[in-house]
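What follows is a set of structures for review.
Each of the next two complexes has chain A plus one other chain: chain B in the first, chain C in the second.
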Partner chain A sequence: MFDFNLIIKSLPMLLEASVWTVVYSLTSVAIGFCIGTLMCAAGLSASRLGRGISAFYVSFFRGVPLLVQLLISYYCLPLIGVNVPSSVAAVGTLALCTGAYLAEILRGGFLGISPGLIEAARMVGLSRRQILTRIEVPLAVRLTLPALVNETTMMVKASSLISVVGVLELTRLAQNIATSTFQPLEIYLTAGAIYFVINGAITLLGQLAESRFRLETAR
Partner chain B sequence: MTADNATNSRPIIDVRGVWKRFGTAEVLKGIDLAIRKSEVTCIIGPSGSGKSTLLRCIAFLEEYSEGEIYIEGELLGFALEGGKRRRVSDAEVARVRRNVGFVFQQFNLWPHMTALENVAMPLKLARGIAREDAEKRARRMLEKVGLGHRAGAYPSQLSGGQQQRVGIARALAMEPHIMLFDEPTSALDPELVGEVLQVMRDLAAEGMTMAVVTHEMGFAAQVADTVVFIDHGVIAASGSPQQVFRKDENPRLRQFLQNYFERNVFWQGGEDAAS
Partner chain C sequence: MSFNLAILTDNWREILDGMALTILIWAAGTAIGLAVGLAVAVVQLFTNRWLAAPLALYVAVMRGTPFLIQLFVIYYGGPFFGLDLTPLTAGIAGLALYGGAYFSEIFRAGFLSVPPGQIEAARMMGIGRLDIVRHVQLPQMLVIILPALANMTVLLSKETAVLSVITVNELTSVIQSIGSTTFAFAETLLFLALVYWAFLEIVTAAARRLEKRVGRFMLRSQS
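The block that comes next holds the complex of A and B.
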């Protein structure tokens, strides 16, 4: 029957592995956010080259399945002489992938910013970079927060894919325990519950941020 | 003193033969305008006449198509090379217009920052002033426009008139040599116009050089040293308020003023209300 003892026994290990899941997914979202911001700014810039690079980037990383991207980076990086730990390659790939989605999300936010706010920033002498980091990004984040939170939860789930390239995280550990104990039901249910809780926490944080931002617009 | 004479004789803003085209539409058609230190120049004219475009060209928020604009003797936005003009970098534009303050019709306060942050942030970032000093100066500027008590409020928590005064404080904090106002009261409810005009009057009285695009004829008549009437992209009349409002006989100007007075007169004393 359902073996609660196994769950209790393996829970500490699963929780430890889930820390890695959180670290890998949030790190890739953070790096991906920077990539996405740059790609978004390039895509909206006057430079034809910038727009071309941005368009190609987004179409590649949105058009190829993440699993295939992971396999490409896992098998091909060593071939071209890049030897990095598989966890680094995996996080890098996750970041590149989510960066494409974040670029598109942020684009909507950038386009929603009144041009007058940028003109005001130029008139007080802010540089292009300062306008990006102090005006455009904060406002774009406020305008697109629900979509950004959504993308973050997607990445927490997508991080389970990196188990196939041998990186230890929650799904990989669950697989290991399941194959050694022959009791997959208990273990995968537990792993699923942990993912659920992690994403619940992220959603909650998103809501906190949203209500904090609402203070700014409350009369 | 010769130094003073030099600065007095050379205009702070010198607009020479400026044209602005949007595609095939010619919005400015050869504008010449000089604005001297401590002068208040009010720019009036029908909507679509090009008056806001002129102000935006002086701030280089629009690239002018032809002609020259000098700010304190420096050519704005372009470098002349062998008779041809070349667009200079954004940083160079920012350097030449560093002493130009701009106040927008729509205020354009950054909604994610408090009134204080709106004024202090540019001081920190663009001028490299330490946080404490920047905030001290920002507070002083907010007090100057009568909003010291609202420093912690977000723009959405302020009335339109208050937002515009923060906008003025933000521009003033950069210690500009000239302030450009683009229809600063046009987006305001009528009862809020007065508080903004009062701040502008005080500034003029302090000797601030100002160029104001406005529909407030009363303000122009009382405060301006020069009134410029723009129509169809050219300066159709200019001179003292007395000259422009009373004497100039340009028919377009008379028609424009007539329309203005008819809109604003609602009671003419006798038995009948104005039609």
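The block that comes next holds the complex of A and C.
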């Protein structure tokens, strides 16, 4: 029998754990956005070293499965004397991974900004950093908003993998309940539904933001 | 921290088996996923909405939930429906269903990219619906969607690592068990990352070459 009572009984716990899923994934996207912007700026810069580092970073973090990256940070950081809580290591790894994808997405946005705008900004005396933070980043974000929202939902899904390195979030808690009640189907379906709702909400917010920040003049 | 590569060379047989299984899972998952995706796209576009609506839900659910949870539902939840799958079958089925959802979206975009005028013309000439798909739409759209298909195929190769969580003996799982019996985490896990990285670079480069080759047909099909 499909046990609806179990679902109702464990729903509060699962919802509480899903708060951690949201916190971990949004934190990693926020940190990853900063890393991605820097890597993207380095990749488009004139410096050969900057371009090399950026290309290496993007290629490595997109070329190795996230699970393997998480295992490396979990098992290997203590070997080199870095002892941080597993949640910190996991969020850091998620951030590094999404940073590589965000760098690629933002690159498209940066290249879509008309060079005239940058020249104009330089003419009115803005510094290189001001141009990056005040002109290029806001425009690139608006130009790539759908892809950024998509990447955020990907990170919500990817955050389920940090359960493997022992961080308590939605998937981990679902596993704990499933193994103690021997009713995995009900629990995992509920967990899946919660992920689905979270991602639906993010997509909806993204569409709101898109209609709010639509750019008519950027190109 | 010592670095003992003998741990890898001593276990080369298991490691090779793991690699072979990873590639097998990837190939099988991709092949079935492509078939699922094409079938879903064709049904969604060319039949009535009573068939299309549940498929749209399938696609939305597969794209909106984590792959790991999907694997858990299939592998641990399967027996509830009398579906007692081995980890390997459950893993390949999961990969195929997950990839199929993404592939179906790509195929759908492809079908819509062929100009409707051509389909009208074909219909005027009395060509059947399935023949239009086979001889008019597929050859043109495959060229257009090849980069997206290749991209998704490459992404699926990385997802195979997740199968280690449901105890499939693929590369990640093999290396992890070698690591935890010898406590040589640095050697084994860094080697694992390098293998995936090299593999992904090779596959990506091959996909680019294929796109370039097939790209020759783009001009002809668009003129």
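The rule we apply is simple: the second predicted complex is superposed on the first by the 214 of 219 C-alpha atoms of A that agree within 3 Å, B and C clash if a C-alpha of one lies under 4 Å from a C-alpha of the other, contacts with A are read in each partner's own complex, and residues count from 1 in each chain.
Please note the rule applied: a contact is a pair of C-beta atoms (placed from the backbone, for glycine too) under 8 Å apart; a residue touches a chain by one contact, two chains touch by 3 or more.
It should be emphasised that the depicted structure is a prediction, and the values quoted were computed from it without experimental measurement.
Enquirer: Looking at A:L161, would you say it contacts chain B, chain C, both, or neither? Reply first, second, both or neither.
Expert: second
Enquirer: Kindly classify A:A178 by the partners it touches after superposition: chain B alone (first), chain C alone (second), both, or neither?
Expert: second
Enquirer: Could you look at A:S45 and tell me whether it touches chain B, chain C, both or neither (first, second, both, neither)?
Expert: Neither partner.
Enquirer: With the two complexes superposed on chain A, say which partner A:S211 touches: chain B (first), chain C (second), both, or neither.
Expert: After superposing on A, A:S211 lies clear of both chain B and chain C.
Enquirer: If you count the residues of chain A that each partner touches, which comes out higher, chain B or chain C?
Expert: Of chain B and chain C, more residues of chain A lie in contact with C.
Enquirer: Using the touch definition from the top, say if A:M123 reaches chain B (first), chain C (second), both or neither.
Expert: Only chain B; A:M123 stays clear of chain C.
Enquirer: Touching A:S59, do we find chain B (first), chain C (second), both, or neither?
Expert: After superposing on A, A:S59 lies in contact with chain C but is clear of chain B.
Enquirer: Kindly classify A:S114 by the partners it touches after superposition: chain B alone (first), chain C alone (second), both, or neither?
Expert: Only chain B; A:S114 stays clear of chain C.
Enquirer: Could you pull out which chain B residues touch chain A in their complex?
Expert: That would be residues 59, 61, 90-91, 94, 97-98, 100-102, 104, 106, 108-112, 121-122, 125-127, 154, 156-157, 167, 170-171, 174 of chain B.
Enquirer: Show me the residue ranges of chain A that touch chain B in the complex, using the header's touch definition.
Expert: Per the stated touch rule, the residues are 114, 116-117, 119-128, 130, 134-135, 138-139, 142, 213, 215-219.
Enquirer: Applying the document's contact rule, which stretches of chain A touch chain C when the two form their complex?
Expert: The touching residues are 2, 59-60, 62-69, 71-72, 75-76, 79-80, 153, 156-161, 163-164, 171, 174-175, 178, 184-185, 188-189, 191-192, 195-196, 199-200.
Enquirer: Along chain C, where are the residues that touch chain A in the complex?
Expert: Per the touch definition, chain C meets chain A at residues 1, 60-61, 64-70, 72-73, 76-77, 80, 158-162, 164-165, 172, 176, 179, 185-186, 189-190, 192-193, 196-197, 200-201, 204.
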